[in-house]
């Protein structure tokens, strides 16, 4: 009997301990995409401000959003989110408006990002990095690959094993672009055509299936695939290490993305969060960040400080005529269910 | 108040059951709160709808079930039913293959000496205790090398090797206690090998067979991790669909409806097997 | 002759058994292969194992996995044992008995995903009561216990069934109080069953993926979740080393369990 009571008490204490175990100390907890911040930067932040910065990672935006909805909004101080998530998170009241007084470095941001379509006036977010979605391939297996989405979507033109991207908006967006439509199309006909295209690609024997962007990159990098849909940052990092790899934006156009820093509604340390965001917007920190990520910097002041080869690399900073063919993914509001059913069709048939 | 003698105690039934209830309280409360009640809530959720930004709106509607039956925005399409059917199919084939392998294995093990039997059973249990994800990693490596990744063969090998112990152990339990005299009698009557199996062996193993089917078929209907990893995430199963609704789509009501569909299939399967099992034993 | 198996079937049986080990062998092979990508043998190395120790994410996941398994097993063993005793040693009416049976058999046959979905819904509502119920170790423990209880109850119940009443009634004849009876007679007799149930619960927790996947937060990530993420994003050789270690740990655990039950029988 006594043993039973002791065991019960111990168990209760352990359970309680579990829920307390994640209490933050004097720190900010940053929730971001994996391998998206130079590991030196949190240490520099701590040196400058005395606040520790802990980085936690997620795989894709939608999973992150549902985590935030399920109570994650009180676990993190800064969340780096995809552009199209910002208005939705704001509507769901999961993020709080930023205090411009605490962000003097926000003046460094380039004009086009200050008035970005997803958050004009930068009320809820500050830009973190930007980039594109493109085609990554092996030059040693497909030297004269035509820079077109057909290399992935047309079974006859697939140069070998290919990987599609396991993200609804990105995959359907790519398919829509390949047919000359907008990535934010709400037309049933256009979406059905896009789904048909992806289904053709999927059913080909050369298709290795769907993987997240970084998964596709890994497969191309270790030669188990010849081409994949990859985000520019991951792709350029791989290309820099191995010159047999290449990244290109297909001629039909593609998706441009901006990742933005936001502060969740119940952040444990909102003051620290603002200091972290301000820290990232510092010109030198921004340059160091982009040097590490090989992504585009939205910081006009950092642009002058980044590595020269990156500044001249069209994979990171596409030329003006390519930029015209790039589209932002926007929230599709009430067309969500349509997209859902289309994506289900792609995965079901 | 009627007194009864229970394990040497003279006590009222009321008092006795009160004590029993106290003992069981913790477990019952835990499971009720975390499993039974939520499942009931899901019944209600399945009739609710989703707001534009992904929150639950408590407006009664049959929409989720209509959608499951195929009446979507794109007109009628069988996609969701296809996914459900595929899950049942994967479960069916996996179970059939598991049984086909488990019978020989069970007889093989049962025919050995006591020590060998213990060793062999241990050998079966050890891989089963290792992590599912680790085993699937191994299979993917092997199938990539063999050029069979992704593909249905890879998926079924992965599934069968995961579920084999669930089919083997119940079958082995009955095979070990098989009444061989019946088998010998059949053979004395010059019955062919297959008739011996069908009429002398199979009927005796039915309780084990029923358990094997229940333990293999029903959990496998919800499987999605192994088929996903070995199938290149190309074809969704019910589990993926549920994961999508609870995750990316943030459509809890629809997710609840799908869960109910799966639950109904589970209960139907259970009912069928027990019914058939009871009939056969009669 | 009757007990001899058709040779083809015997071969099939052996092949099936060997196939169970093929993936584990493949992972072990890669974990000591110098080759970072691909299957070809390029030399022996323990480098990948060494790098495991420097990977804080992996070490944290390992700790989480262990803490989760230990805590949930402890709670589930206590609750499951009490439930088994309650079910077996009390004169319930038929309806209650069937409800108990349902309670105990349902987690065993229900697909994991249904369990996980129910837990997600449960925590959604519990968060209205207290914000402590957000994705994390607490939720994971609560989730694991909810299915472990049934397995523990089944194993202990099985042992209880074999015990019979005679020993306990004899103790009663000697004027033992119910609690003394429980502590000095029932519990020691049940001990092997409780140990087996606990080990089963422990293994189930270590192996669990689906339920953890629906209740985890990044700080409380477990090893299966980590390995799954790397399967999706790109597997490094350290993951092969990690996986092999997990397999070895499991083997030791199972062998220890077998030894324990065998020793106790004697």
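For reference, chains read A, B and C in written order, and residue numbers begin at 1 within each chain.
Heads up, the rule we're going with is that a contact is a pair of C-beta atoms (placed from the backbone, for glycine too) under 8 Å apart; a residue touches a chain by one contact, two chains touch by 3 or more.
Treat the numbers as computed from the prediction; the structure is a model and nothing was measured.
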Far-end chain from chain B, centres as C-alpha averages: A
A-B against B-C, pair bridged by the larger set of C-beta contacts: B-C
Separation of chain A from chain B, taking each centre as the mean of its C-alpha atoms, in whole Å: 37
Computed distance of Cα centres, chain C from chain B, in Å: 17
Per-residue multi-chain contacts in chain C, two or more chains: 78, 120, 124, 235
Residues of chain A whose C-beta touches two or more other chains: 166, 211
Chain B: positions in contact with at least two other chains: 246
Residues on chain B engaged by chain C in the complex (per definition of touch): 4, 6-9, 13, 16-17, 19-21, 23-24, 26-28, 30-31, 33-35, 37-39, 41-42, 45, 101, 104-105, 107-111, 118, 120, 122-142, 145, 157, 161, 164, 180, 183-184, 187, 193, 214-215, 218-225, 229, 238-239, 242-243, 246, 252, 255-256, 259, 262-263, 266, 270
For the chain A and chain C complex, residues of the former touching the latter: 1, 3-4, 7-8, 10-11, 14-15, 18-19, 21-22, 31, 34, 56-59, 67, 70-72, 74-75, 166, 211-212, 214-215, 217-219, 221-223
Chain B residues within the chain A interface of the complex: 52-55, 72-74, 77, 79-80, 82-83, 86, 144, 149-150, 231-236, 240-241, 244, 246-251
Touching residues on chain C, where the partner in the complex is chain B: 1-6, 9-10, 12-14, 16-17, 19-27, 30, 39, 78-80, 82-83, 85-87, 89-92, 100, 103, 106-115, 117-122, 124-125, 142-143, 145-146, 149-150, 153, 165, 168-169, 171-173, 178, 181, 203, 206-207, 209-210, 214, 223-224, 227-228, 231, 235, 239-240, 243, 246-247, 250-251, 253-255, 258
Touch list for chain C against partner chain A, complex: 36-38, 67, 71, 74-75, 78, 120, 123-124, 127, 131-138, 141, 179, 182-183, 217-220, 229, 232-235
